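This is the structure, below, for whatever I ask next.
The chains carry the letters A, B, C and D, assigned in the order they are written, with residues numbered from 1 in each.
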Amino acid sequence: MLDKNGIARRIAQEVQNGQYVNLGIGIPTLVANHIPEGLDVEFQSENGILGMGPFPIEGTEDADLINAGKQTITALPGAVFFDSATSFAMIRGQHVQLTVLGAMEVSANGDIANWKIPGKMVKGMGGAMDLVASAENIVVAMMHTNRAGESKLLSTCSLPLTGVGCVKRVVTNLAVMDIKDGAFHLVERAPGVTVEEIVNATDGALILPDLVPEMSL
Amino acid sequence: MLDKNGIARRIAQEVQNGQYVNLGIGIPTLVANHIPEGLDVEFQSENGILGMGPFPIEGTEDADLINAGKQTITALPGAVFFDSATSFAMIRGQHVQLTVLGAMEVSANGDIANWKIPGKMVKGMGGAMDLVASAENIVVAMMHTNRAGESKLLSTCSLPLTGVGCVKRVVTNLAVMDIKDGAFHLVERAPGVTVEEIVNATDGALILPDLVPEMSL
Amino acid sequence: MAISKEINGVEEACKDVKDGMTFMLGGFGLCGIPENCIEELVRLGVKDVTCISNNAGVDNFGLGKLLKKSQIRKMISSYVGENEEFERQMLSGELEVDLIPQGSLAERCRAGGAGIPAFYTPAGYGTEVAEGKEVREFNGKPHVLESALTADFAFVKAWKGDASGNLIYKATSRNFNPMMAMAGKITVAEVEELVPLGSLDPNEIHTPGIFVQRIFQGKAYEKRIEQRTVSQNK
Amino acid sequence: MAISKEINGVEEACKDVKDGMTFMLGGFGLCGIPENCIEELVRLGVKDVTCISNNAGVDNFGLGKLLKKSQIRKMISSYVGENEEFERQMLSGELEVDLIPQGSLAERCRAGGAGIPAFYTPAGYGTEVAEGKEVREFNGKPHVLESALTADFAFVKAWKGDASGNLIYKATSRNFNPMMAMAGKITVAEVEELVPLGSLDPNEIHTPGIFVQRIFQGKAYEKRIEQRTVSQNK
């Protein structure tokens, strides 16, 4: 079973040379720490930076330089700042090639819910609705089940949607799943996790291949 | 009767303190030469400058610094350069308060034609269609009649339109006319020009006031 | 020759704000917010206002201050997750809230400033955000019709500015400020540094002065950091 | 870490252009046009192309060179008044021409790059430009629905650029270049000066490198002036 950093490490394998990548808040942010040396990748943060670098050395934080999670960051050589309209022009115009974001629920037809629990919690969608409606390549990073132990991979989302039919791949603490033809397709299992555990933790339709390789991390 | 510079001088009286002004090619360009000292006015050129100054001193021309008429220009202190989308955001968003442009025909209901003579001449509309569709305050600068001696102030335009019902005021070599309620309203006559001459040179419905003052230039 | 927008300070900048008006406020989180203008709006006690702002500040800073004094009737935002008082007012029904996708918010402000009354975007299709809105397919993909936003006042914060209202923002404090500057009937710019006319390079200006009606040099910027994150010194 | 777009030169930049493609070309008149790329398109003899460009060059320079060799099947422009060969080809029917308002052209390119399939504008309402297009009233004023433009290749010209594809334009040579850079499936940027990565101030960049796929330092810029106008030395 993977921890959050493990999920991030597995997702880092999805990143290809030459890609512009948008990482959401939470587990997705950790993906940046696991990009292999020598891979040319630039991180976009939708509040207005391309070429985002690591957190600043203590004492050099700049209140004017943050990411979409409101964390202080740095800018790498070749970085560029821009306004929010230009930022979403990049996203909506599909210039950002890979989007990684968290979710509360994902359905077997690729719907995603991650912004609202009616009557309980409403933080807002931020840029997530633009990201999922636009990106060609969306990877969801999340735990396979919620705190109550219920599956977050469902046949239909119960929470208000963020986007419809958009998620292509889900990486959880238990498995890598592809979504196509209205079903989850098990691709890999996390180290030490059995297919049975994954089946038990998945509510939506699940297609099992003959052989399910363990992730190599 | 006014010459082109006279028309420009009269139009300069329309310009108010604190206005952003777009001047078209031809007579309108000359208006800049007649703005009274002490009036704070900035000229916008739709190819991407605000704060346009006079032509450069010989030897200092810069091929990268032109106006919409492709003439070499200068930039005044406080000037700013921008792209064409931003330029037309200023125009379409009604941030430019006064537009002066030339015309081949103007009708008594405020239609204007200035971009095409079917089968004979097609230069294109450039920014004129955006300007006339957007500006609150449009002044047309033109000769009262064409080279064949025919009136350019008509009941209906015969040429393809640039915009409908948009022209508020016309300044010609003979007169200042306002357009409202489907008619030209004579406001002033050019020095030495009689009301009869203006009536004879105007094809569209023309309303005459009891007294027609001569322009003071 | 240049048109001057320079005024004496924040009191003159906000002198004619009125109850019930719609305001736009630049900033992302607490980054790039018009601190001086917000303080003045709190001091003036203007109420029943609609605020268009990506976020709603935190409990004791930024728009949170207006919220605490119940001056805001309606918020139009994309993300409000940092503010408990906000959540309380919203869930209790005291505060009307319109949550819209961040990219649509940015583009709707730009559209308002650019004279584009409406445009189509894929964002929000199939979600409650699209309810009651026209949906049309382009290139085989459904899109939602979104309308322009404008405001009685837009309050923006820049790094440098001149008397003409030309503005330059620093780093990611730019965010929503340029589009909101375009969309205000009256746009008030507060800047950290008001520089002499002609000292800004005309190639480097982010907001052309034509979009700004009032400008002044702000005071005592706190520039609070919401998530101070650091790397270990190597 | 930064993604490099640097290539060897104009030949590599244009190596995969094909007959029948759609090109966008930046520039206003002869100001800010991609001179090197135009020369290469002439040399390659690519034909039946559609060119989206505000103007069509002059008889012996800029796009006029492609026109003269009859390489262009269709022009999408706003103003073509400086070119006799253009007028001849258009009136004889050899050249298909789509003239559209300059602001709509700029916004349609931006929309193409920004994933906005269509938007409403007042420009052209009641004229032949609006024929066959949807008209809708907003705020009591009729608007025309205009669609996004994209291109197989966008050729843009900047003043300075870096290997990441970040671009800075000089003065009014910016014009259509930034929007076309956004709207090209492959965007080729030729620059007067290719500077080392990290030497451009990230606050001052006009076109973020994400919009650019290929960049090279151009050669032998003529930068012709169409209307050399001067003031008398005082």
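A few points about this structure:
Keep this in mind: a contact is a pair of C-beta atoms (placed from the backbone, for glycine too) under 8 Å apart; a residue touches a chain by one contact, two chains touch by 3 or more.
The structure displayed is predicted, hence computed values, not measured ones.
Note on connectivity: the fewest chain-to-chain touch steps from subunit A to subunit D number 1. Of all chains, the one whose CA centroid is most distant from that of subunit C is B.
One simple way to say how far apart two chains are is to compare their mean CA positions; for subunit C and subunit D this gives 32 Å.
Centres computed as Cα averages put subunit B at a distance of 28 Å from subunit D.
Taking each chain's centre as the mean of its C-alpha atoms, subunit A lies 55 Å from subunit B.
The set of subunit A residues that touch two or more partner chains comprises 49, 75, 81-82, 85, 88, 91-92, 134.
Shared contact sites, meaning residues of subunit C that touch two or more other chains, fall at 107, 110, 114-116, 121-122, 169-171, 202-203.
Chain pairs that touch one another are A-C, A-D, B-C, B-D, C-D. Within the complex formed with subunit A, the residues of subunit C that make contact are 28-32, 54, 77-82, 87, 90-91, 97, 99, 101-107, 109-110, 121-129, 159, 169-179, 206, 223-231, 233. The touching residues of subunit B, counted against subunit D in their complex, run 45-49, 54-58, 61-73, 75, 81-85, 87-88, 91-92, 111, 119, 121-130, 133-134, 160-165. Here subunit C touches subunit D in the complex through residues 107, 111, 114-122, 138-139, 143, 147, 168-171, 202-204, going by the rule given at the top. Per the touch definition, subunit D reaches subunit A in the complex via residues 1-4, 110, 112-116, 162-164, 166, 182, 197-198, 202-203, 205, 208-211.
Subunit A contributes residues 18-20, 40-42, 44, 49-51, 75-82, 85-86, 88-96, 134 to its touches with subunit D in the complex.
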